Amino acid sequence: MTLFGRRLPIVAAVLLAVGLAAGLAAPPDRIQGNLQRLMYVHVPAAWLAYLGFVITFGASVAWWWRRKPGHDRLAAAAAEVGVFFTGLAIVLGSVWGKPVWGVWWTWDPRLVTTALMFFVYLGYLALRRATLDPQVRARRAAVFGVVAFVQVPIVHMSVLWWRSLHQPPTVLRPGDPTIDHSMLAALLMNLLAFTVVFTVFLRARMRLAAAHDEADATPGPLAGDAVSAPRLEGVTRDG
Amino acid sequence: MTAWLQLVQITRKDLLIEARSGEALLVTTPFGAVALLFVPLAVGTDTPLLREIGPGLYWVVVLLFGLLVTLRHSAVDTPAQIALLRLCGVHPVVRLAGRAVASALLLLAFELLLVPVTVALYDPAPHGWPWLLVVLPLVATGLGLLGTLAGALAQGLDGRTTLGPVLVLPLAVPLLLGATQAPRAAALGHAPWPWLLLMLTVDLIAVLALLLGAPHLEEVA
Amino acid sequence: MHPQLSPQAELTGVHVDVQRTAVLRGLDLVVAAGEVLGMVGANGSGKTTLLKVLATLVTPVAGTVRVRGPVVLLGHAPALCPQLTLRENLRFVAGLAGRDAAVADASLATVGLAAAADRRADRCSHGMRRRADLARVFVTEPSLLLLDEVQTGLDVASAGLVDHVLEVVRHRGGASVVVSHDRDQVARLTDRVVELVAGRVGPAVIV
Amino acid sequence: MTAWLQLVQITRKDLLIEARSGEALLVTTPFGAVALLFVPLAVGTDTPLLREIGPGLYWVVVLLFGLLVTLRHSAVDTPAQIALLRLCGVHPVVRLAGRAVASALLLLAFELLLVPVTVALYDPAPHGWPWLLVVLPLVATGLGLLGTLAGALAQGLDGRTTLGPVLVLPLAVPLLLGATQAPRAAALGHAPWPWLLLMLTVDLIAVLALLLGAPHLEEVA
Amino acid sequence: MHPQLSPQAELTGVHVDVQRTAVLRGLDLVVAAGEVLGMVGANGSGKTTLLKVLATLVTPVAGTVRVRGPVVLLGHAPALCPQLTLRENLRFVAGLAGRDAAVADASLATVGLAAAADRRADRCSHGMRRRADLARVFVTEPSLLLLDEVQTGLDVASAGLVDHVLEVVRHRGGASVVVSHDRDQVARLTDRVVELVAGRVGPAVIV
């Protein structure tokens, strides 16, 4: 079995191509024109970041409950992929923001909370990196994986709690989405493509982690074997 | 019942150590005061500007240095001491709760000491100050809990004093927002309740995290 | 089963990793009630780790651990709070165990530190700290006592302290495990001596 | 000659420990970045205001967190290690100088990492930035020296006073003034020399303090 | 005077206060060149403090101290940097002493830690750290060696290490001071044993 698997990456590539084509084919926005096409990548990236953290949360809870190493691996892999997609959403959002708002970054609550979410999960990864013992690492990561999740609803609700510059929910909201239907179709197409990419990444990380764990599980030398009797020579010992 | 007595013992020990080493109040407080002094030197001594940013800076300093208070050297147990507590039948929740109470008390003192400094240096508008009586304990509690959690998460790791803050600082943002916005809202004649509720929620989440997480964090190896 | 006859501690097939390094491998050990067990072994063979397993401070990756407490572990490093005085340290322990402050003071007198009770732990000499650590045994009254080379640092006058402590525990029907590199001393203090070799307990040692 | 080699050894050891624990760069830097992110949340997100106070806040963060970098845990020698160095013939000045060099290098990296963060978050006016090339090393050197001195004071005077580090902070004020004023002066077309000279003076005073003070701070008991 | 005949260390009328507490009072001591001096004394009698005076780490409030170095002091706590590996620790010492990295590696092999050389010091067992600390003697080649209860923690196989180290120093004409509570061992290792009583050196001890 290869790291990425054989068929899924091809499917992902095809879907991405179709998604991009759909994004280009969809009608331009009345106000923003072609710039608006960035939505088709920015929004799926942000949502998949959420998905990553939801999985981290769920896997952490599952670890508390069942203590399976697989849950810990899943939490770690999902957090990593989630951080990647958060970064992507921030970068694409900035690229979008420069022409639309005139700045790369503003003090919009959604932007700030997204950045903080990025930091929180970077902290999660730093905590994992700093802890060597797998058991201790799993425990601490599970605790923090649950605590850190508080940040996700805050990001989502930030636009509602503080009226602001950033787009309020247009799709993920109760009732009919306030978006043109062909745009919605293109968005959903891209969402599907990104989800498959997400799955490919997640699976690759899981396999890598499993391989690492397996390598660690193979019995190493006993720690005590490194200590031998002193080699007392060189000086004549004539009592 | 025993758990309460143990908690009191642990809190008392922490405060006794602080009384002896003065790490939180004698060292971190001047550091915070100097931070407040530095800002006008750096951004210029334009009085209306300072008056405007004064309360905000106060809370930034409280948050950043407050986390250092909760992560003070003397609040680190050696593996031998953690083992002692565990073998004396102290539940991890009790151990961390005792520490959190001690930290919250120290933080309250820290906050109170910095208030006159801020007033003297920035002369902020005094509107809505009675709300501070509610806001200060809410922030102290939340930070004390979050800091304790951070300390437990980073226990025994190489960069513990600095990894800890990074983990929980972003989670403390609602405290910062609530602390700055509640008195401002009150000054503008709005009800500050939503902000106080937000802070209370953070405190409760932190309590919950400690209750649920502590048993999983105990590790002596 | 009669409680006196059930073992104080029983480890079966214990595997322990510390920071991903294999330390104990398939270790079996029974500490009978009332027994004083001696344990020897080369540096780095895992004696300290084994005591931590017996104190349920370290969780094995495999195997079962059954221990009847309360347990007191006296390790390489005394568990004293450096900023507090010896008296404050022991009163803290007494408070946690729900005992009287007077017990703490009495325990310091037993180990010969009554006059130094109000000295901060970080201003005590090495041997004084060792003794203060030993005083914990009189405060918490364990039924399983784990001693990790605690006789080191004790002067001639207080060398008998370890015998005394073991006697106190045995008197109440508890068991003890004594780790040391001094084979003569171990043989003198204990009922039975085992050696830790290659991550497991070897056959009984005759000194 | 030997002294130089010893100094290099000590600096190398400090950097090696940092590479292993990542305490200063991996962890304190995000802490500083979060601090920069916090201020607008607290003082309000008025963009022109932020642009104005941006550089000042950068320097405040560099100063305060920079001192944390120099006072990091791993830069504290145990009595046994100090004794080892002394018995290996390492003069106290060499020991502290080695530490100061390592701290200054770490601080320079810390400063450089925070520059893009400040630019991204505050979008400050870019006038006079070439002067930063001189200002950054001057501040790093001064802070590295002052922090080392503070650490030595805290250790040498242990038990007697905990105020040692706080006594050093006021010395950092001229550094802060110089760092903020030099680029501003350059932007306004004035010569920034007086400010640079001020900073250089502080650095020299710190060097002098280390040379004269180090032998008295060494205490192993 | 012939250098061989001048004493390695000479203390006269030494008074030492630690944190304002009187520890040594009018102590006189001569360590002759080439001699191995044993030192015993009750807990808290000031043995560790006396070794620090001999290493000129503590300055007496009164009296004169004359010591010919280089001195190596191995104290209660090994002087290792916990984040560094054993190899890095010893290479650091070698670098300070202006010696080769190979010397450091060889010294680790001598104390039986060649295979554990790349383990971080904080991941070593108590006895392993003790051994690594002893390895410093081979790197810095002292002419006055001060050992503060260093034989504690060494296993049976490495118990000879202390004899060896003393032999190495004596071979080069240096002197040693050995502090221990194990009177038999001190008597075996040393030429002469003195006892520290009431802040000064008492008469020679016959064990």
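As written, the chain order gives the labels A, B, C, D and E, with residue 1 at the start of each chain.
We adopt the following convention: a contact is a pair of C-beta atoms (placed from the backbone, for glycine too) under 8 Å apart; a residue touches a chain by one contact, two chains touch by 3 or more.
The structure presented is a predicted model; accordingly, all values stated were derived computationally and were not measured.
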- Task: Looking only at C-beta pairs in contact, point me to the busier pair out of A-E and B-C.
- Result: B-C
- Note on the structure: Maximum distance between Cα centroids and subunit E occurs for chain A
- Averaged-CA centre spacing for the pair subunit E and subunit D, given as whole angstrom: 38
- Item | Distance between the centres, which are taken as Cα means, of subunit D and subunit B, whole angstrom | 25
- Note on the structure: Per the C-alpha means, the centres of subunit B and subunit E lie apart by a whole-Å value of 46
- Message: Centroid of subunit C to centroid of subunit E, CA atoms only: how many Å?
- Response: 29
- What positions in subunit E touch 2 or more of the other chains? 18-19, 83, 116, 125, 127-128, 131, 157-158
- Task: Scan subunit D for residues touching two or more other chains and write them down.
- Result: 20-21, 26-27, 30, 34, 41, 74
- Message: Show the residues in subunit A shared as contacts by 2 or more other chains, in ascending order.
- Response: 116, 119, 123, 126, 133, 135, 225-227
- Message: Can you work out from the touch definition every pair of chains that touches here?
- Response: A-B, A-C, A-D, A-E, B-C, B-D, C-E, D-E
- Given the complex with subunit C, which residues does subunit B contribute to the contact? 2, 5-6, 9, 13, 16-17, 20-21, 74, 78, 80-81, 83-90, 220-221
- Task: Sort out for me which residues of subunit C touch subunit E in the complex.
- Result: 18-19, 21, 40-44, 48, 76, 116, 123-128, 130-131, 149, 152-159, 181, 183
- Where on subunit E does subunit A make contact in their complex? 109-116, 119, 125, 127-128, 131, 157-158, 160-161, 163-164, 167-168, 171
- Query: Which subunit A residues qualify as touching subunit B in the complex?
  - Reply: 64, 113, 116-117, 119-120, 123-124, 126-127, 130-131, 133, 135-136, 139-140, 142-144, 146-148, 150-151, 154
- Which residues of subunit C touch subunit A in their complex? 17-23, 25, 42-46, 59, 61, 198-199
